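Before anything else, here is the set of structures, which you'll find just below.
Shared chain: subunit A. Partners: subunit B in the first complex, subunit C in the second.
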Partner chain A sequence: MADRRSEPEMPQAKRLRTGDMDPASNPYLAHHYEDEGNGYGSRNGGRNGGSTQTGLSGFKRHQTTAAQADVAENGPLNPFNNNPLSPRYFDILKTRKDLPVHKQRQEFLNMFQQTQILVFVGETGSGKTTQIPQFVLFDDLPHFNGKLVACTQPRRVAAMSVAQRVANEMDVKLGEEVGYSIRFEDVTGPKTILKYMTDGMLLREAMHDHNLTRYSCIILDEAHERTLATDILMGLLKEVALRRPDLKIVIMSATLDAQKFQRYFNDAPLLAVPGRTHPVEIFYTPEPERDYVEAALRTVLQIHANEPEGDILLFLTGEEEIEDACRKITLEADEMTREADAGPLKVYPLYGTLPPHQQQKIFEPAPPPTRKGGPPGRKVVVGTNIAETSLTIDGIVYVVDPGFSKQKVYNPRIRVESLLVSPISKASAQQRAGRAGRTRPGKCFRLYTEAAFKKELIEQTHPEILRSNLANTVLELKKLGIDDLVHFDLMDPPAPETLMRALEELNYLACLDDDGDLTALGKLASEFPLDPALAVMLISSPEFYCSNEILSLTALLSVPQVFVRPASAKKRADEMKALFAHPDGDQLTMLNVYHAFKGADAQADSKKWCREHFLSLRALQSADNVRQQLKRIMEKSELDLISTDFNDKNYYTNIRRALVAGFFMQVAKKDSSGKTYKTVKDDQSVLLHPSTVLQVDSEWVLYNEFVLTTKNYVRTVTSIKPEWLLDIAPTYYDISTFKKGEIRTALERVNDKVKRKQQTKRPGR
Partner chain B sequence: MPTQDPQTVPPDETEKEQKQEEEEEEEDYMSMIIPEQTLPKRKETYTQRLLRQQREREASQPKPKAERLLHEAAQRDTALSTSLLSSPNAQKNKGLAMMAKMGFKPGVALGSKDNPHARLEPVGISIKEDRGGIGLDAEKKRKFNDEVEREGKRVRAEEGDYRERVRREREVVRLEGQIGAAMRVAESMAGEKEEVEMGVVEVGKKRTISTKPLKSVNILWRGLIRQREEKERDRRMRYDLQQSLSRHVNYDNDDEDAEDKRALGRDVVQHTLVEDLEEEDPELDAFSELDPAERLEKLVVHLRQEHNYCFWCKFTYPNKEFEGCPGLTEEEHD
Partner chain C sequence: MSDEDDTYEIPLQDQRVFGAGIKRKRVKFVPSTSNDPATRTPASNTSAKSVSDLYLKLVLPSDPLSTDEKAVSPGQEPDGWAVTLKDKKPAIPQVCEICNLPVLSDNASKSSNTDLTDSPPLDSKPHPHEASLAHQVCLTHSYPPSHIDRNRKGLAYLSSYGWDPDSRLGLGASGQGIQFPIKTKPKDDKMGIGVVLPNESERRKKVKTEKYDAGMVKKMYETDKRKTERLREMFYRNDDVEKYLGGG
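Take a look at the complex of A and B:
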């Protein structure tokens, strides 16, 4: 269902826990924040108590002027911790004062002080992400009353790197005054006054602290990206703002359609700061392209051959496409260097699942000319739309935009959540073009006609909330104390059918009762940073005597694909995969892989072992990490970790039955034709994905995801028995609710068989 | 009327019942016969069985890939375009029931009621099947539409052409007919005039072949004379052919002497044709090249000038005044 393989950060990040906190910072206790005497407040008070004079001592909360702040920033002591400031601090300070936002510091402060909610528009390069939170610190003075300022980021990498940057700017150690909090990683401490975090993390905190009482100011950055978590947070903050008049909220967006945010927040005032950008010349193709990848490669090579110095950024849609393009560009460029005396060209891929150290490579400078005075070297970054807003690469002068990106889509009518290559929006295209003007005037080559730009592209990308299965979100909203989901004021409410499906699914999973209230299982499930189906499977696994195995499997299903199948060695990779294959399906095969990975042989040199077996070490390590986190939550929830004896004949059967407990809604039955399968209840024809190890003679299969391409595929499948469906999920498999047809007939036959068996058994007893 | 014994059933009803029973029996009988009728089926011949098996195999075999894909896509599209809220199972849907409890009304969007942009329908799904650039599909569609339009125009244009051509052809045929008529009139009038001038009246003599050399005939109707003479020549040649013994009419054998020729009937002079016919007549050719309307006009003008005859009125006027004649052209006589 959810393609959690390709974008692992986001879905999980939503439901994270802050990790282990000491009781003083327990958010449950933070409800009493007004009480000066509570541990949380007094500890902070002690730190900045009257005895110590700091650069901020004379400051009155919400009365700071830009001039005062400037003085405090000039030292000589750090205004926040009284440490002497380093020379590096002053170096950075100089560049900070050059940032466009700095000129409007007073204007910002005036507005910030006068209003509860402020919409701030700063184009890329204005310095808003690093500077605005600091401006807020000097005025909000959170440490004087034991609070924090939070700044959310849609991406984990951004939260980490910005926190590091701001820690440097403030001359403090990361994790002390400035910290970050992302999935499975909380780098904050008792001194922390500014916390960068993923929007999903803040949402998770809100689940335990509905009023977000720890914070005196919340800054939602990159709100224009409209992630699911940001949208929910905005809806939540709109309500919290009424309950907490003292809470300041800043909504930061990089695009000028901020009027929408203004309107949504009851006509909040808006402050716009121009970015530091150079003009970008835009070129269109005279005719539509037949093959956008081929056209993109051609354009990159043409730029390399004919345009003056400057790096190139090419936008493509996914990992495979990007790696393929990188290979082809390198080959062609090498030939150009050899034969046409072109400068050297270095190509870097950039996509979400790329290991961080490889992502860092994009910041390396372009290669020098091969000989002195020769044509200059150039670097090409081939990236997904991560390069669109969040990552800023200096030196980019040329942007090649084929106009596509891979976007998540969800449709409640066929219950498919999938990643599809789709045309970008006009807003996206402008954002992409803007990337060329960061260092000097640039050029953007759009691989489509101007008419197509005007006619074919939608104005704005649909926010994630309109493209997602909301089962997870509904569970979160319930946990956030929002009962009326129908009238919850979202900026872009989803279609009614989407909510209906989500509620229905949660009801079948027994997370919500018929009145729409959270059940005990639902409450427990919301503790896990997982899709409800996975969470329910994990929670019920002790009943099937295999919670250890299901825990491993849940972790494996939450990380990117563990199997590696390079284009150059497909056969060998398949042979290696066959070593782990279990005839009953892919989930069991993955489990075999994990067990082998944890074995002594593999652990001796896991890197080599993974390479030899065509497995992704990163994915497996990440699964290991996720498993640890989930295990901790299980222990806290007092869920037993048990295993069936491996030699028991029911070892694998138990696991398959436990899978049914979570995924009974993702089942397909073989067609009478014997070639295709049909999904239960939705009646969609599907094929087993070619990657499956499953033998084709399985009548009933359970699948992890439905992949939409030109063919419908189900991927990661396990064969199951229909008796289990009737036994484990009787409500969903209430035969009377099924349409007349093959599936209903088959279920009736199974039901009769089960009944006969029971009758024949009884007299025998 | 006598009161009826409640016990007795009216006779017609019993009859009916009996009939019904009979019918039922008959039906039963019929139904018993059906399996008998199917009996021969069991005794199908070997080839019949083979055929049947093949048919059954084909029926159970999976559909070809392309068809299956189409079917899949069609199924998907149907599912995607059907709202869950309007499905017959919607009333039983627990999700919808929960929403109803929260105050949801079908046809009303979620969220704040002040939000005019809230969606009622989920975002659609479109699957990209190739690497075509943005606008390529639209461009293809546009080109296709253009092609269709152009083709349509071409067909229409051709249709117009055809009609025009047919009309023109008909007009030419009509004009040629009139020219023929005018020529005949002109010829006979010229002949009459000549005879009157020469004072010879040969009543009843049918003109067959003019003795006059063709070139001396007025160019206006020379075509008519020539045509007539050609026709006459052909007729005679056919006649001669039928009369002669040899099929090879023109075959002159040098070995044949006069005797032979006589024997073969070849001494008769067959070539009584007007020698003129063999000659080239550039004057006539040039005249025939003229537009039929022009030739007709010349004839009409000639008849008026020479004979005071209006071709359109079909009347010989007493003088050059042409009193009562509306004019020179056909239109004027409409």
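Take a look at the complex of A and C:
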């Protein structure tokens, strides 16, 4: 195999090499030739002179045909590693050939060969995510040049599961020919030719390899989702395409607004594969609904009572709402089954933070009728907008759409990024309706009026780049060597104010100097797959003699919530949390949890320990994993891993001071009223989140997260001393830049105190 | 009426918009429909053309036809003003370069109006097409400068790459980006899309009507009763009086 890669243009040599294990001479494989040989074998034989049936011999890069690939796919040996193909492979192959994309394989190849950038449109379920990269492999033959094909996914879970699926389809081991790479996890090897990866990972790779030289073809999948990383990648690839004429780019989108992509990529050719869709009847409510959740539940039950067989998909906004709805639907449905002889109803939740094995449950078939000949059973999936484009659940016939989703928004004026429930767009509503027509004609029940649909919904969902804090993005772009952020050709450039905020934040964090150039700290910070504030905190932690602890804390802050607080056992959960509580704040409490988790007691049976202490084992384990990855980067960057002696009275103080080094821009001071806090510089009135363990009356707090609701909260807080702010972040806390007010007066007083102390110290020396 | 009064009493829609005059290549005028010398074009607008206009008016005084013609096509002034009024009639309707509207229509209606209202001096004042709302909207205006603090470091960076905060352009290859961050507001209720809550003032009104207590209702009832009684009394009395008079 290794030789083969280095000599791509020598079919003769190849034939000789593969010849000595020619499967045709293998009696155990003879049946393959009889089974498959009649149609394809003869054609193949004709082309190759009958000398060999294996592999990709006779394939010329960018000149292959669908028929050729078909032959190679029919084995008997795996064309990519020459291992005999398993029966399972042929089972899957049969279903693969039924996918809508397969009919257009030749058309795809023709276009792919003729153009550098291709826009491909195929609805979810057309098979594009799994098949197109394989089509590309057979034509691009990346292993002949020692290159790879990359296929990006917006979601980590998708990258993992699709890679697994494609590895099965190609009959290879995951991590060998087919692998995946997501943040903090790389499952690829030297043999890898097809790599599924998150779009963020490809962007990180581009930071070190501006021309993406490892790849011969890059496929951006789910481009319609317009994630931040995909948008940046598109801007980048547009430039790379000019520098690397040999690089092929395929943009894949599931929605029909693909003309926008076409225009953006200088009128690139477009290939559309019709999805397998059936008509969907759409219903609106005649009047607006006062309570969309209640209306949604009623609609689901109504469908269950009155509509013929078919599963239901209900879109709600978040975990809590979904779990609550699931509970209520189950209760009501049980009653219906008992009293009105309705069929059994099984309810499944679906949201991003749900563990994967529970996410898989949504694919279970609907329950059978309770008795023979009784009313049919039904499945209800209550999900977030994950179910909108990226996941296809077969059997859905009814869609209930209240018209809301949780969306990230960023307000650069108060520097707050938060998830807010907002009305969806028209495009989104259409996509949701389309989910009902996957298996047969379906119905979509919209819980708003037709007038509201026309008037109140925006056309397209705003892409993520317009709704995000761009500090991290700017750091990445600078590392990518893109300095002209004004004219960088993005599909939807962000608002100037948002970009200005990002530049200023990076300047305060000393990642950019006053000229806007990347500093040494900035370069180092960009190595970490973290927010700049977290990265800076981690990098400066050795100065505070607590890099081990800050490393753990950074990992903990990068994973979902470690504390579990089920509605049924809130009190018990709070009691358990109190065991770990540190009086100075939540970050230190989290650290205590982690230390306890790593203790011998917990490790003995971590599952039991977590359950007893109301902690999320999954979150802690992934924090552990993240910690190891970050540790590796720290070691590579030659950052010392040190700790203060636990018995030193400064052990926790050092950690708190190190926190300030990263989060000095997220500080709030108690108001004179003594009830609310005011954020520094942005003057937002906030309350401490009820979940905090902070008990001491601290004047100054540092927070990790600003929760935007009608009442504003800061979550995950630690008490700090104002002296530290002046000491650690003197440019940000330059008192002359502050507005007149309580905070300025307080800082002035602190400053005076510090000065006096220094003066009294000096004569003594 | 003096000329000074004139300039101060120009109706708002006829006045030149601030900042809009810069782009105007040439000031066009429509001849006055009245012979009152006081209504002639204001002194500030005198040009060779208006002088020739004045001359034409003196030469062709109080021609009954001329007013009609002007009513039909006063704005159809071709570029040369030295043409006779008769020549103006077949002229093709001139289309304004800026707003793509025929210059005629607006003025025609205006002058016919003046005819109806017996030409008071102010209304009969020439009404240039440029002063029409449609035209003004189409003009490129100068805008107030952006609110962005000029001392911001982020702005310095963007400016160094050629972005001008006052250009009213966004970022991107051709400045096509959005100008302002997307606005949002938090939603804490479960209200569906399209639910319109009555606004604060309406709600307060409702509260007011609900505040009547028994005593007030009684009082209102009594005043109502008194009113109707008085009315009835008036009716009957009148009837009686009429009867009485009729009888007498």
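For the reader, a short list of remarks on this structure follows.
Keep this in mind: the second predicted complex is superposed on the first by the 709 of 765 C-alpha atoms of A that agree within 3 Å, B and C clash if a C-alpha of one lies under 4 Å from a C-alpha of the other, contacts with A are read in each partner's own complex, and residues count from 1 in each chain.
Please note the rule applied: contacts are C-beta pairs under 8 Å (C-beta built on N, C-alpha and C of every residue); 3 or more make two chains touch, one makes a residue touch a chain.
Because the structure is predicted, anything quoted here is derived from the model rather than measured.
Superposition model on subunit A: subunit B and subunit C are shown in a clashing arrangement.
Using the contact criterion defined above for the overlaid structures, shared-chain residue A:Asp484 touches subunit B and also reaches subunit C. Contacts of A:Ser643 after superposition: neither subunit B nor subunit C is touched. In the superposition on chain A, contact of A:Gln684 is made with subunit B only, not with subunit C. Of the two partner chains placed around the shared chain by superposition, neither subunit B nor subunit C is touched by A:Gln430. After superposition on the shared chain, subunit A has more residues touched by B, the comparison being subunit B against subunit C. By the touch criterion stated above, A:Gly674 is placed in contact with subunit B alone, subunit C being left untouched.
Look at A:Glu294: by the touch rule set out above, it reaches both subunit B and subunit C.
The superposed model built on chain A shows that, among 4-12, 148-156, 202-210 or 220-228, the segment of subunit C colliding with subunit B is 148-156.
Judged by the document's definition of touching, subunit A residues 285, 288-295, 402-404, 409-413, 420-423, 447-449, 451-452, 455-457, 462, 466-467, 483-490, 492-504, 507, 514, 516, 708-710 lie at the interface with subunit B and also at the interface with subunit C.
Residues 285, 288-295, 402-404, 409-413, 418, 420-423, 447-449, 451-452, 455-457, 462, 466-467, 483-490, 492-504, 507, 514, 516, 708-710 of subunit A touch subunit C in their complex. Remark: subunit A residues 285, 287-295, 402-404, 409-414, 416, 420-423, 447-449, 451-453, 455-457, 462, 466-467, 483-505, 507, 512, 514-516, 672-676, 682-685, 708-712, 737 touch subunit B in the complex. Every residue of subunit C that touches subunit A in the complex is listed here, in rising order: 148, 152-158, 160-163, 165, 170-173, 176-182, 184-188, 190-196.
The part of subunit B that touches subunit A in the complex is made up of residues 60-63, 68-69, 71-72, 75-76, 79-80, 82-85, 89, 92-99, 101-104, 106, 108-113, 115, 117-136, 138-139.
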